[in-house]
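By written order: A, B, C, D, E and F. Residues from 1 in each chain.
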Amino acid sequence: MRVVTMGEMMIRFMPKNNLRFEQATEFEAYYGGDESIVAVSLAKFGLDARYVTKLPVNPLGQTAVNKLREQGVDTSYIVRGGERMGLNFYENGASVRASNVVYDRKYSAISAAEPDEFDFDGIFGDADWFHVAGITPAISPEAAVLVEAAMKAAKKHGVTVSVDLNYRSKLWSPEEAQAVMIPLMQYVDVCIGNEEDAEKVLGFKPANTDITKGELDIEAYKEVFVQLKEKFGFKYIGSTLRESYSASDNGWSALIYDGNEFYRSKKYDIHLVDRGGGGASFAAGMIYGLLNKMSLADTCEFATAASALKQTITGDFNLATLDEVKRLAGGDASGRVQR
Amino acid sequence: MRVVTMGEMMIRFMPKNNLRFEQATEFEAYYGGDESIVAVSLAKFGLDARYVTKLPVNPLGQTAVNKLREQGVDTSYIVRGGERMGLNFYENGASVRASNVVYDRKYSAISAAEPDEFDFDGIFGDADWFHVAGITPAISPEAAVLVEAAMKAAKKHGVTVSVDLNYRSKLWSPEEAQAVMIPLMQYVDVCIGNEEDAEKVLGFKPANTDITKGELDIEAYKEVFVQLKEKFGFKYIGSTLRESYSASDNGWSALIYDGNEFYRSKKYDIHLVDRGGGGASFAAGMIYGLLNKMSLADTCEFATAASALKQTITGDFNLATLDEVKRLAGGDASGRVQR
Amino acid sequence: MRVVTMGEMMIRFMPKNNLRFEQATEFEAYYGGDESIVAVSLAKFGLDARYVTKLPVNPLGQTAVNKLREQGVDTSYIVRGGERMGLNFYENGASVRASNVVYDRKYSAISAAEPDEFDFDGIFGDADWFHVAGITPAISPEAAVLVEAAMKAAKKHGVTVSVDLNYRSKLWSPEEAQAVMIPLMQYVDVCIGNEEDAEKVLGFKPANTDITKGELDIEAYKEVFVQLKEKFGFKYIGSTLRESYSASDNGWSALIYDGNEFYRSKKYDIHLVDRGGGGASFAAGMIYGLLNKMSLADTCEFATAASALKQTITGDFNLATLDEVKRLAGGDASGRVQR
Amino acid sequence: MRVVTMGEMMIRFMPKNNLRFEQATEFEAYYGGDESIVAVSLAKFGLDARYVTKLPVNPLGQTAVNKLREQGVDTSYIVRGGERMGLNFYENGASVRASNVVYDRKYSAISAAEPDEFDFDGIFGDADWFHVAGITPAISPEAAVLVEAAMKAAKKHGVTVSVDLNYRSKLWSPEEAQAVMIPLMQYVDVCIGNEEDAEKVLGFKPANTDITKGELDIEAYKEVFVQLKEKFGFKYIGSTLRESYSASDNGWSALIYDGNEFYRSKKYDIHLVDRGGGGASFAAGMIYGLLNKMSLADTCEFATAASALKQTITGDFNLATLDEVKRLAGGDASGRVQR
Amino acid sequence: MRVVTMGEMMIRFMPKNNLRFEQATEFEAYYGGDESIVAVSLAKFGLDARYVTKLPVNPLGQTAVNKLREQGVDTSYIVRGGERMGLNFYENGASVRASNVVYDRKYSAISAAEPDEFDFDGIFGDADWFHVAGITPAISPEAAVLVEAAMKAAKKHGVTVSVDLNYRSKLWSPEEAQAVMIPLMQYVDVCIGNEEDAEKVLGFKPANTDITKGELDIEAYKEVFVQLKEKFGFKYIGSTLRESYSASDNGWSALIYDGNEFYRSKKYDIHLVDRGGGGASFAAGMIYGLLNKMSLADTCEFATAASALKQTITGDFNLATLDEVKRLAGGDASGRVQR
Amino acid sequence: MRVVTMGEMMIRFMPKNNLRFEQATEFEAYYGGDESIVAVSLAKFGLDARYVTKLPVNPLGQTAVNKLREQGVDTSYIVRGGERMGLNFYENGASVRASNVVYDRKYSAISAAEPDEFDFDGIFGDADWFHVAGITPAISPEAAVLVEAAMKAAKKHGVTVSVDLNYRSKLWSPEEAQAVMIPLMQYVDVCIGNEEDAEKVLGFKPANTDITKGELDIEAYKEVFVQLKEKFGFKYIGSTLRESYSASDNGWSALIYDGNEFYRSKKYDIHLVDRGGGGASFAAGMIYGLLNKMSLADTCEFATAASALKQTITGDFNLATLDEVKRLAGGDASGRVQR
């Protein structure tokens, strides 16, 4: 089974030792970006994963390729050229202090790429699934065009399409998002998102839920899922349910709907190591479960466990193994050492 | 609005990676000291802040000046000379293991400084507020004389005076503290302290409160505040209320009294990054609130939020911005990332 | 009072900054091993502690000696020679992600050592107590022979013998363990173990206790203790009671039985810094208490506090001082700084 | 004496521990940029130094301000706004391996700034000297316009103008450079440059000098200086003379001409710690010497010593003190410790 | 063009910050081993490179695979299983202090592997060149058998065979080496070695050369090369010529012989960053040159430059790019930055 | 053979990564001090070494004891008590930039210790040699009294006495030094010193030697040695001969005189890792040679090699082994790895 993902790969610069930006004399650097995380997760789980993007011809661009190869991702369709890598500067919060992001991703290679730079027939000819996040069309009008071209090509080759809505307020407004994203939904089979996305990206608001209060109204979520299903005809809809107790501790669970039943996973209380990539790891887990024809419940527990594990791992990529995900999904969250 | 603070600046040497002293091959070094933290906080919030001390003529003394300038503090009245910097060696505790401090601050430049080394007319001529902590008169008899001279000069220029009682058992006994501090109270408008200080420094004990049990008797606090008001005529009295669950996790709130009403802030459960500077950051927040004519409640919430944030930041200085303090005081403690 | 311990000293390589094995470009290295931890703890508490092992003639073997000398342990009976140091690679878990150990201790010097390489008369001639863990006979058949020879020699010199059962599933099966360990019990006065050991090593299962659920059935433990006492005639039996909430947070208490009464210590909720050496530190605390004729309750609280403190300290050795252990056992777990 | 400098401040990200880009998981971050280095050097030497630029309204922009304030530079005329900080990624070479730079400075705040954003009357009203490098007009056409406006304003206020030609092949071609720079020379009193600049920026080639061979033809330099003097009427011309033996070791000396005499400094063989900022530190030294009316020889030795010291200091800024520069210029290059 | 290499991959643990073993609390970890370095170099230069070994089924073995994939090496014929990774502990010397190696590579997976575990037809079916070092047959009798089987299989598929003699005195004696290696020479087309190897491995001693004196007798080398050619019929013979001035600084050049002419490269004086992998990088360079039909001189200069660059790069792998090697081989050793 | 040394143990705080003081956020900490280095060297070489000092009762004082025990030094006569540890802040120079020391050693425990705190009969009763450096009497008048008492006690027990003159201009003037040191010379058998000491401490100036020029006039040294011998009757006189090419590279050799002949060692050109402890390591080597009845030449070469090796090792202690010193003294300075 081969999964293709496409998007922007960024370097995340994070002050070392959890310092504030102004204290930092050293930055940890992580290569990531939503769809690359999905590709790495799936390669780690044993699927064939292909990642498509455009990266500049410089050592940073090459390192991005290397990081993907290291994890066994197929990088042969990555286009090289363009101006620069997208960057983001990330200050890790702690306890009552929120994390802080300075985006510096404008003018990146992929944001200016054009559809005909990519060999979509090669890319999708032997593929089973295509996944993209809502961040990618948000980075530029050119990128929105590119995503649509990719979705069309995927559909032409009979490839299942999933999207992770992933609203980014620093990239676009709800109005802009909806103008681009709603038309794309016709190509989408599986829709994934967290709590803000349905509202900002597709205009559906879960009623009565105020995430800053750490309260979740599952019934409202379900209502929105039913409406999404009706309007866009998605086969599966999934959402992670993050409860932000503080910058250090979060509750984490998920809800999946197959148009028929709902399944809500068990909830993990996670002491966060690095919350980045939680959503993308859930997407990867859900794709893995669906491609492997797991039950709705197993898919949801697998995806939730995978994404919970990610948040205990430093960096963007989910380096949890298939065995570890299965062990956690199976119920052992005691963290005991095997000696 | 210009605030002057005066005291001792120290270097804190802390074993890296939370190691014990005997394991440490590397020490993190932080420049701080109670009143310098207040000055930095206020400069960060946008006030004019001037810090007065004496520092040796060597690269460590110069670095102390640089660290203040970096934060926009006016260092032009700092006197240079004397024998050495005050130092403290700080072993950070964790969970059930307490932190451990080895003071090495004797013979410091400021501890031997004399009043006529300082241009008090220049220092206070354009100032609105003067703040000093009870640590400073504790470091030496000369320093106690210096503090009194400064308070008198401040009063001569019509400057509001605040004091943070801040008892240090490694510097003096309750008897010594009271002999020095009680006579100074005549110059003080605003009195700040934590739970032990009123007792050790001024001889007023909050009844029935045993801090090692993590229990707080707010009524006893209030009683003491009323007595302090009666005896010394303070305009405002404030106290932080630390509940030490462990070396890693503390409850944090505060109580302020204006001679009329009491206001107790909301309580934060903080996973501590660096508890140093919590009290001084509260003092800075309270000064900021009062200078900006915030209500009693807003002042208390602002000061509590500011000092809660400090304890999530490495080092002595409170690097929280005005916006961050306001956001937390306004109720968002979810630690969510803004992306 | 002189305590002898004997076993294997290993280097533990742990990815720095809590990274996964595959992310690690740097490893922290800790010298340890169960019985060496006991020796170091006791030396730290002020007893004469002698550690016996065999170490290769290379700089790593010499460093192991140095680390013991640093803590005041008598290393004069350590034999030098053999092929290699035992190693273990340890990936520290976090929250829902379990820690991961790769043992690489086969062919170590001590695993191939023979009894006549050791001067047991010198070793035990002036000793009061001998302690060994169940890990040591597990590392090789030769080591099992060596442990028996040592126990016999200890008994010949009238030395009290304690054993920490410490089952290691990566070293042997329950069947193998029981075949070796049960015959050794005739030499043992004090038997220490955690929740799995009685079952795997001696064949006694605490009923109804499923440690992955974080539930403890104290009554079942007591039943097993009574049976052990009956079968092997131990003078004291002790067990730590770990409750694994996650890889980051554990409950920790202990139960001691003197054939007459049971005492269960207070329970600590520990935010783990390094859980390694918790069991060995309990053993050291129990030996200290018994040698100093503390009451059953005081011994149990002392040993539990000592081992709780260990888990807040990086590395294998318990660097807590006698004062710190007594302070915590005495009830102050607030983690407050003394300034 | 007050010196104004203007230009772009960048963050330099350098792989830690001298690793290659692809090996780097951590980057050291240095704030710098040619003219800011000059300002810091001069502030360090005790002059009033003012730095003018435009920086984005984010924590990185604020940190740039802080780093300047730390060194006592006047930042009150820095404009805040614009898109981003200029960045450069710098891989430090070693021995036969050359250093490698990836510029990512396009679209920076200062590159898009317009003259009327700056209060040139305030900036130059109380100034004695204005310094700018040829890098600044190279970053964008807007910046070239800005530099010309600044030079004109400086001249209007009777301020001496110096320029460091500093050709950057990654920013513009010789043709582009000459089109912009030659017309600016009418405002310039003091012209500084290294060995390539006269040729690329002003079209004057030192004959017979092949820097890759580590050979210097001083006579050719002198010839070019005479021609520059004739054509542009500079009062002083200075050039550093770098001999690149390898990426780790360089020869370093300088030549100054006052239209009358030449002076060549002694030559230092430097084991490089960080060669960045060598040229700017020479400029600062030359400005310091001329403003303090040192002789031609003393100016040249002072500037050469200052810039030699810089190259033994990590980071962009020259943190050498006036005393250290004078001691080295005075002849003690033995590196002995004073104890 | 596809090159196959086969051997043992090890983890090198090196005390951080150039400390001695006994000082080290942290170790840097590098994955390497002679033939893997050759494979990585060639992949970096753009050839298809396949590496064959056996690695244990644990996270360390998987990481070894990942490190190769990261560099684009084909790992699909690596066999998984066996007991452990080979390790070596490496203390980096400095100046007059020599480096120090503690091997811990016995019982490694590849040392116990058998020929029929490898699919030699798949491995060599599409290959042009096979390279192995003399270290590999030295690690165990089984490995010697494996190397012979591989050489025979390579020859069967018409693949060119090169060997790097690489004598290791800690693995075998000259007598053992010669007994194994001389019979293997019948399969070898290209023989590479440094100054000790011809003597220890094949019994040919370069006369009058005492490497501890840093003197080289090129005539003696040539004489030995002629004899080797005569006895074994090699098509090409190459040797690096290391002159050890100290542990920090070495001279580095090479000599190649095609049975007809000799070519000696230019000599580099290298300030060593990490001398590990110098010899293997020369082998890779020589293979690259010969496969690309470079002249004898160009091959020798290319290989020498490649291996000189390696010694300025941390870790085992030669991360120099084709461009960098060509630039250095072309004569620019000035280490200047391109900006 | 048992050697006693006595003096002050200090912690040296050195900015990490060779940064300047003002850049340092982390400091490396090394425990050392002249006579403790001698004791550690001798213990390392296999002699019984006893170190005598006074250290405060706090974790820093205890760590000093531990560091000595780690190396096998007898610490049983160390007195505990007093105010503080001596400290020094050390900024490591590089190339043309000199190192910089800020002493903060006043008021240390040993500086205020009195003779009757020490059990001199126990200390010297079983000793063969007593060594002290001229730094110790320099730290305070009390310490000068203590050194005299120790020398007298040593003589009473027939112990050979050596002194390393070691002038420290930051501790006393030549006049003060001579007033204290000349009377002590009556107890001294072996006098060691470097190039400045004879002049500053004993008033004998080697003619025509200007160390800042890196020139040595051996004849002048010899003349001074002859005069010292005549005046004080020393049995042996030794001096290291440091040639400071830069802060990074030094020449290093030594001259020894037995009243009869002179021997000058070979000269090492050392790329310095840490020059601290070079002189003390020479003293240790000379004591070792004399105690082992090596010839004058062998003693001088051994001591020179030992002290050359020290300067390639980080920290104060000379961690070179006896084998390493002998190998270097025997002529192999090539720094080659043994594999």
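What we mean here is this: a contact is a pair of C-beta atoms (placed from the backbone, for glycine too) under 8 Å apart; a residue touches a chain by one contact, two chains touch by 3 or more.
Everything numeric here is computed off the predicted structure, so don't read it as measured data.
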Taking each chain's centre as the mean of its CA atoms, the one lying farthest from the centre of chain A is chain F
Starting from the Cα centroid of chain B, hunt down the chain whose centroid lies farthest away. E
Type of chain D:chain E copy interface by residue overlap (half), same or different: different
Once you count every C-beta pair in contact for both, which comes out on top, D-F or C-E? D-F
Can you give the whole-Å distance between the Cα centres of chain E and chain F? 44
So what's the Cα centroid distance for chain B and chain E, whole Å? 62
Please list all residues of chain D that touch 2 or more other chains. 20, 22-23, 25, 66, 100
Taking the complex as given, what residues does chain F use to touch chain C? 66-67, 69-72
Listed in rising order, chain C residues that touch chain B in their complex are 268, 270-273, 305, 308-309, 311-315, 319-320, 324, 327-328, 331-339
For chain B, which residues count as touching chain F in their complex? 13, 16, 20-22, 24-29, 58-60, 62-63, 66, 83-85, 87, 89, 91, 100, 102, 104, 106-107
Given the complex with chain A, which residues does chain C contribute to the contact? 17-20, 22-23, 93-101, 103, 168-170, 211-214, 244-249, 275
